[in-house]
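Just passing along the structure, written as structure tokens.
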Amino acid sequence: MYIDHHPILENHGNDQISFFYDGTPLKARQGQTIAAALMMNNIRKFGISRKLRQSRGLFCANGRCCSCFVTVNGLEHVLSCTTLIEEGMEIKPNTGDPDVRGGIHEN
Amino acid sequence: MTDQYDIVIIGCGVIGSSIAYHLSEYKQKRILVIDKGFPLSGTSGSTQAWVWVHNKVPKWYGELSMYSAELYPFLERKIGDVEYKRTGGIAPFFAQTDRDKALRLVEEQAEVGIKVEVLTRDQVLEKEPALSPKIAGATYSDMDGNVNPFRLVELYIKAAKRNEVEFSFYNPVIEMVMEKDHYKIYTKNKKDAITTERVILAGGPWSKEIGELLGLDIPIKQVRGQVIITEPLAPFLKHTIGGMRQAENGEVLIGFSKEEVGYDRRTTMDVIQETAQMAINYIPSLAKANIVRSFSGVRVIPEDGFPILGKIPDKKNAYIAAMHSGVTLSPLVGTLMAELVMEGETSICLERYSLKRFMNYA
Amino acid sequence: MDKSTIVCRCEEINVDEIEGAIRMGASTFDDIKRLTRCGMGPCQSKICMNLVRELIANNLGVSISEIPPPRMRMPLKITRLGILAGKTSSSNVVSVFDEASLEAGER
Amino acid sequence: MKTDVLIIGGGPAGLNAAIETASRGIKTIIIEESYALGGQLKQQTQFFNNLPKQFDRQRGIHLMRTLIDRLSPLPVTCLLKHKMIGVYKDGRIGIANDTETFPIDAKKVIVTTGAAEETDLFPGWTLPGVMTVGAAQILINRERVLPGKNALIVGLNSFSAEVTKQLKACGINILGVIDKNVSVNDKKLVDGLEDKKIRVMVNTVIERATGAGEVEKVTINNDGKKEDLDIDLICIGKGLSPILEPLEILDCEFGFQAKLGGLVPKYYSTLGTSNPSVYVAGNAAGITCLGGILVTAEIAALNALKALGVLNDNEAKISSSFLWDELRSMESEESIETFIARVAHIKEFHEECELPLPASFHAILEGC
């Protein structure tokens, strides 16, 4: 959800941009990271883990934990928390990691 | 831990742990393995872990490698799954002039039963479509493969432990004294000497230092190899490629470097960048893969390139096993060294590999 | 604490696996890393470093100050292979085909 | 690329260090991993009262502007979206951006990489909706996005308390702030939260967090008494520790100082490390307050300038003793323990190297 009236900060510009998430067109604000653009659209699960197939999303927001990987315009494993959203970007969740070692499945 | 053993093995890498395991199968001797660090903290934990045969020359060295590779399936039945994969090995070349060299290799290896093929570019690309079309050709053999070195060492140790072998880690050997029918070994963590009838030196690149404790000059060099590793990728490389392979977990390990810098285990941007460039020359599509980490290992290169195996001349009941390609050779070296210690003779003649060959030069 | 709790988010290594390695004699992060793959994933132990050091300290009954950090490896952040590749004059890197002759001592 | 001074990290410490070096005309490059300068100041909406003399009391985000404005006319190159990834054999620093990897040859390197948030371990901490308090603060103040509606905060310290209040002000329902310790030393912290009608529970841990696809429920355990809460956000505030990776591959040694955040690079009274060309400042030199971050940056920059021959001994000595006084006053205002630990850390390293502490430093020691 977008914070329209921030208790302290002035309102952002209203520059909206469009992007696609798994094929669905969505809106974001200019200057947001991909992670924020997704969370603004109530998407918090960005992918599933490789081995145990557990849900993953934003954790550290500082490019360190690598939990927020998404696929951007076909490029896999992009850190969504440090990459800015751009007009027309095609974002896909990171659900396609090969389950090369097997494991218990959970979603 | 008591202080008296029949056999002490110094070094718990892939060679030391394999010898320990194979000796323990006789279930006759009290065996202790000592390591200055923790298993896998040295060379055996920092390797691409090829089980590589086909371009080991001359042919007698190729033959030794072949026998060892053939033991892996049997070894797995005894110690467990070490993720041995006989993937077949491709060694690409970029210049047509290398083709003659490749054909000579085929002839030489054929004499000992190693089947090597020379592939054209199209044949290479058919086997491994991800390889660069700039490749001129490759040598190929279905004997090559790879193994998980972490599982390998861990399972050698576990199997040996089941046979009551004892282990002492983080315990460097500081002094060795040869008395008339036994050795006294002094270590950092133990006040009293450990006594043993026989001692086996399996210190890998540290063999030089360990040898000095017995007054020996072991002719080996330390050669650093740096390896870079990608994030796990969907399986796309079926074969072990000269310089790179895809591990079972999807990571691609890439390494081509050789530097003589002693025991310095650092990695450097210089070599990492060169290795990355080389990787792209081989497999252009890797350009988009994330590199997650690098590591380096200090490899052992005996001065003439070949393993040093067997009894140590002029030292009673002392043995040595030091070689490059310890991963490839570990099942066979373990078997042969155990035979040598227990039975006094080996099923494959090790004369050629004796430390004596260096002493004759002197 | 539930022993199946994940410690290493990337490689999905749990408390039990780490304590198993400690029982085998592991006493540093790097020992555990080699036995379990803990800390070998994309974040390179940035998130689990102190969690694991604490587990070691608790299990061995020593202070966390005694437990050295894992060795950091380049690249410090995940980097695309293509971006890493630089045109440099090759010095230490040889093709495996040359390696065969090297090993054979043909120099 | 060649430079006199390379600064790793464009947060408050990096910016302030660059102001010092660049204002003396020294060629300075800052590399910053993010798309913008400012580091964690980018989302600090709270006021900071305890700042060095040259700064008025102001919000973190405004201080960021102040620093950038002071820096912008100076001869400094800021490389955004550039990260340090390694070191070459000859000591040059390996930098990667979106397209290439290249070396920077720097006479002096000042590492101002800041701090990373520590985490807590409980079943379910990997679920989406569980994040660090710092991440939640970035979302509300930098991104203007609500990370959830009903939140539980784990770990009570001044930073987590501040962010909790900010989350509440944005309309998030705070179900509680829990801490595993039996009591909280800082009564002001607890009062500050309770004044805002936020429940504080000590001696309380998370038993587990669960949810399908994202966190939905958490079981907390207050001294044996279990309670289930419906939440969609858990913020972990376990404190900070210095970011060490770049220092490690630059061969800097580390020591342990619990009050400075655990492992900390060893450094002299100059803030020079065991690598003669590397200095460290800000939270990377031990977790401190914003005032401490800014002053350590000045000290490191000053000593780098001295080593480069830009300042003479006397100038450096006078400024240095002034700055150390200021650092002591900044740090004792917030927590004297930080300053005491810092001094002990420095003393230990000087003793280890058998290098006497400068005379001016003894006066500082006597002061604490």
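General observations
To keep things simple, chains are lettered A, B, C and D as they appear, and every chain counts its residues starting from 1.
Here is the rule we go by: contacts are C-beta pairs under 8 Å (C-beta built on N, C-alpha and C of every residue); 3 or more make two chains touch, one makes a residue touch a chain.
All figures in this text were calculated on a predicted structure; none of them were measured in a lab.
Taking A-B and C-D together, the pair of chains sharing more C-beta contacts is C-D. Central chain (C-alpha centroid nearest the global protein C-alpha centroid): C. Distance between chain A and chain B, defined via averaged C-alpha coordinates, is recorded as 44 Å. Look at where the CA atoms of chain A average out and do the same for chain D: the two points lie 26 Å apart.
Annotation: 20 Å between the Cα-based centres of chain B and chain C. For chain B, the set of residues that touch two or more other chains comprises 231, 267-270, 272-273, 288, 290. Within chain D, residues 33, 85-87, 94, 101, 116, 126, 249 each touch two or more of the remaining chains.
Residue positions of chain A touching 2 or more other chains: 49-50, 54, 56, 59-60, 63-64, 67, 77.
The touch graph of the protein chains shown is complete. Of all residues in chain D, only 33, 83-87, 94, 96-102, 116, 118-119, 121-123, 125-126, 208, 241, 244-246, 248-249, 254, 256, 258, 262-263 touch chain C in the complex they form. Contact residues of chain C toward chain B in the complex are 25-28, 30-31, 34-35, 40-42, 44, 73-75, 78-82, 84-88, 90-97, 99-105.
Within the complex, the chain B residues that touch chain D are 266-270, 272-273.
Within the complex formed with chain C, the chain A residues making contact are 49-52, 54, 56, 59-60, 63-67, 69, 77, 103.
On the chain C side of its complex with chain A, the touching residues are 6, 9-12, 41-43, 46-47, 77-78.
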